[in-house]
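The letters A, B, C, D and E name the chains in turn, as written, and every chain counts its residues from 1.
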């Protein structure tokens, strides 16, 4: 194949940008949705109501045991039967990622909640706070702070995983790069470009996480 | 649904030969296991070493360890597979490159196992570092105070405890290895995802195919989970149940 | 004020409280002591319903703790509790620690709660630390904030679970001083502690526990001068010996 | 035996040890005390090289700790150390805890090491617990195992860093008893502790630290009867007060 | 389907992203190609029949893995890619009359001197994962008692990359795709399509099964194109003139089979072709 020809990078930029926007949107929506649903799932898993805990546990274990590509494919094929009408690839991707990542955020939040010393619960109860008040004012804020780095690390993983939407033909950044690579028959150059972009973004994010960790860590 | 179900499909012979579709899936499972287990072994060895390096007092070693981790965890696995398979050999001298590309035995398998192994090692290293960091500093001091060298302290005191602590997150990683091995089809390893594509193209019973493959992946991940649980139970230290070390 | 009658409790197979009975009258200070694992913490947590128990009854100000009809949060709001490890909320400033329950449980307005909090901080000598976070205070200071937090709810009685045993020796004094003052003002208190100086000074009675049982329940002087049981005797000699 | 000369140490900008000098002669017991954060742990960890220091010298049995040519592991093997939180290796049985360093550092055979371990367990009264894991022992028992572990290396001197301050009051006695016995047998010891009874009984001198400085270094009786500095006086009154 | 289209006011076309020149993305990443044009004509017919001139046309990228389920579950109404019409698929979906015929052959580097499949014994041969070519190669190996070292790309471009980077000496695939890959490669003159035809495959537009009304309309539209000579024009535009993105000319004259099919349109599966 000989020498590389990086001139293909220039015309690819608009598509890369569009793909990146989709990737970011998907990441953000799935992250916020995933954290909210994940937290609820975590509460369900820790709740004393056994059936509820079981169901949530089964959901989480199932999601954690299947490759994401297959989950994406399944949702894409199955959602039309639930909703009665087909949804676009992008909507399907957003729903899938939220549902899938919720399982992972659930595990993180669960260990976050468990990392709060039992004495804190006792102290809150002893002050007369109710279950829900204790959860909202005392436990969750500490759990989130303790787990913030892990939550963000998971989000970086999520950001990388969005590349798997190729399975249902949604156009994320990697896909855009891929198509340009094929059009100009410069696939290798485009792979190198996407590797660079992913690395830059993920690396800056992980640096940011480290900074944040110092900032918000609870002084003990 | 407008779909023609055929659950007997797995026992039917494939179009081009005397194997059945089930044989295909079994071959696929075999390669999936081979890639995953090899990668996991690589990931454990490198991950533990790199993770431990990152907790040493030496600035240089810490930086090397950090570089390794950041490099391998910040690029999607799929992209890394491509880089290793298509880009890396181009930097070798011409004859080597040709040998790697045409004659190296099991080249897809080796590339996939190494790539997945390195990728996972960066995550294992991160967990191991966290595990070592969560040990009380006094353990390190106590080991040194007895006259153990730093190496002996890691070998006998620090790592045995840190590894026990990180078994739960390592369980997740072990499960992930099986799931992530599905990306190896991209460079032509004949593993489960590859066989699934081939089977659904050949048989046109896509849904049955993917259900079966999903189930197989689930079983792999679930087995991994149980194996780790067994290890966790086996290595549990009496008197420490429930207490953080 | 606090009536504990024939309380028993099991963790799985093991019985951790065996038919315990005692009481604390209004304005009285009762000290609970005994070896580690004897069930002191468990007993005191039963008093405000933090631990459920299988048999017996506990009433606080006439209200039964184990009655399912009792509004436990309301009851707890009237019983202050101070823990061995302070258990301040680390993500909130000292002031917020004092205000939270006043607003959420008693429904006080924010200003009112802040004012009450400031007054109590003043009282424990920590007015200037209101804006700090617990992690920025020494152990002794944290424990005094915890006492102020309990007092902010205007409790009818206070429970203490080894309030000084996680403190540096130097700081024990400052916390005990606050506790002695409270006792002298007539606060009803039930204290798990091994500070025998404190017990001698303010306790009306000492309750000695071992293996989940209340082995001795005697007026303070009688307990120190002539413990009735052998177990209490060895215990006392061990902790007073050095 | 231990010579500390003009040692200074910084953590970033803050100086945690300021020109500290003292010594422990062979067979002597020296107690170090002072408020929390005054640098006691830091100083004692400098003695066996667990903490590096910027200025000054420390020699143990004539060997300089900070000399880069010194074989630190060998030196440390000859200096026993006992920690506040015991720091037994939780994943090893009591016996393995005692054997590990004997085999790996001193190169003893396994049988020899086990025999020596058993003898020492006997001595601290824990022979029957050899097969247990640290998590299955009480705090006092763990600390006695930790002392046995240090003794198994046949050290020329022992360093203690608040060996009793993480213990339940009942268990302090059993650990102090072992330490007193060692002192009376002529072991060279440097102890960070607030157990003033112990200090009075066996210490030759008391070193008082505050803010990283050695404020006072006096014979035991002189220190207790008439502390020279104001800071030592208030400190003593606070910890003896209750 | 027609009712659904009327109710939703939109029709969804399934497109492929790199099936040159039947259905692929141009340099603006818009779907174009011979089959896309055919589909657009069918859509015109749908608009006319439903009297819905404002009918919205949506595109959904599909892959060889998901195209059939997506047609089945209603996500895609017309699949305008490069789907081979065969018996197994006819159990799942219906096909419009065949609009293209492809021959499975191989591409090699001219310099390699390879002219026939038999020369490939023991050599690495590339193909694309999950395509019928894989089976054809295996069947051929068995028949001739020779042994290829198969290597697999996850899509056509990857498989071609293997040929380009010397990981493989030949790439076995549909000839129109090979032609498309060659013209857009860095050095089109280096490659040639050679060797015997492994299989002849009719390619057609795919639609849902058991929907006679819709099929009738689609059939009529396609046959109309054929009868009017419109299809010839489209063929010329895509196979015999410069096309995007590189403005290269495939120079791929119409095969006799396709000429015959235009005269007598049908939707018979591949099996009936290769029987003859």
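What we mean here is this: a contact is a pair of C-beta atoms (placed from the backbone, for glycine too) under 8 Å apart; a residue touches a chain by one contact, two chains touch by 3 or more.
None of these values were measured; they are calculated from a predicted model.
Path length between chain D and chain E in the touching-chain graph (shortest route): 2. With steps allowed only between chains in touch, the distance from chain A over to chain C comes to 1. Put simply, the C-alpha centre of chain A and that of chain E have 36 angstrom between them. Taking the mean of the C-alpha atoms as each chain's centre, chain B and chain D sit 46 Å apart. For the pair chain A and chain D, the distance between C-alpha centroids works out to 50 Å. In chain E, the residues that touch at least two other chains are 65-66, 69, 73-74, 158, 161, 165. With touch defined as above, chain D holds no residue shared between interfaces to two or more other chains.
Counting partners per residue, chain B has 1, 86, 90, 207 as the residues that reach two or more other chains. Every pair of chains that touch is listed here: A-B, A-C, A-E, B-D, B-E, C-D.
Those residues of chain D lying in contact with chain B across their complex are 45, 48, 50, 73-81, 83-85, 87-91, 100-101, 104-106, 132-137, 149-150, 153. The part of chain B that touches chain E in the complex is made up of residues 1-4, 6, 14-17, 86, 89-90, 98, 101-102, 108, 185-188, 190, 194, 197-198, 200-204, 206-207. Put simply, chain E touches chain A in their complex at residues 8, 12, 17-18, 25-27, 29, 58, 60-63, 65-66, 69-70, 73-76, 157-158, 161, 164-165, 181, 184-186, 245-246.
The residues of chain A lying in touch with chain B in their complex are 1, 61-62, 64-70, 73-74, 77, 81, 107, 156, 160-161, 163-164, 174, 187-188, 191-192, 194-195, 198-199, 202-203, 206.
Contact residues on chain E toward chain B in their complex (touch as defined above): 64-66, 68-69, 72-74, 88-89, 91-92, 124, 129-132, 134-136, 138-139, 142, 151-154, 158, 161, 165-167, 208-210.
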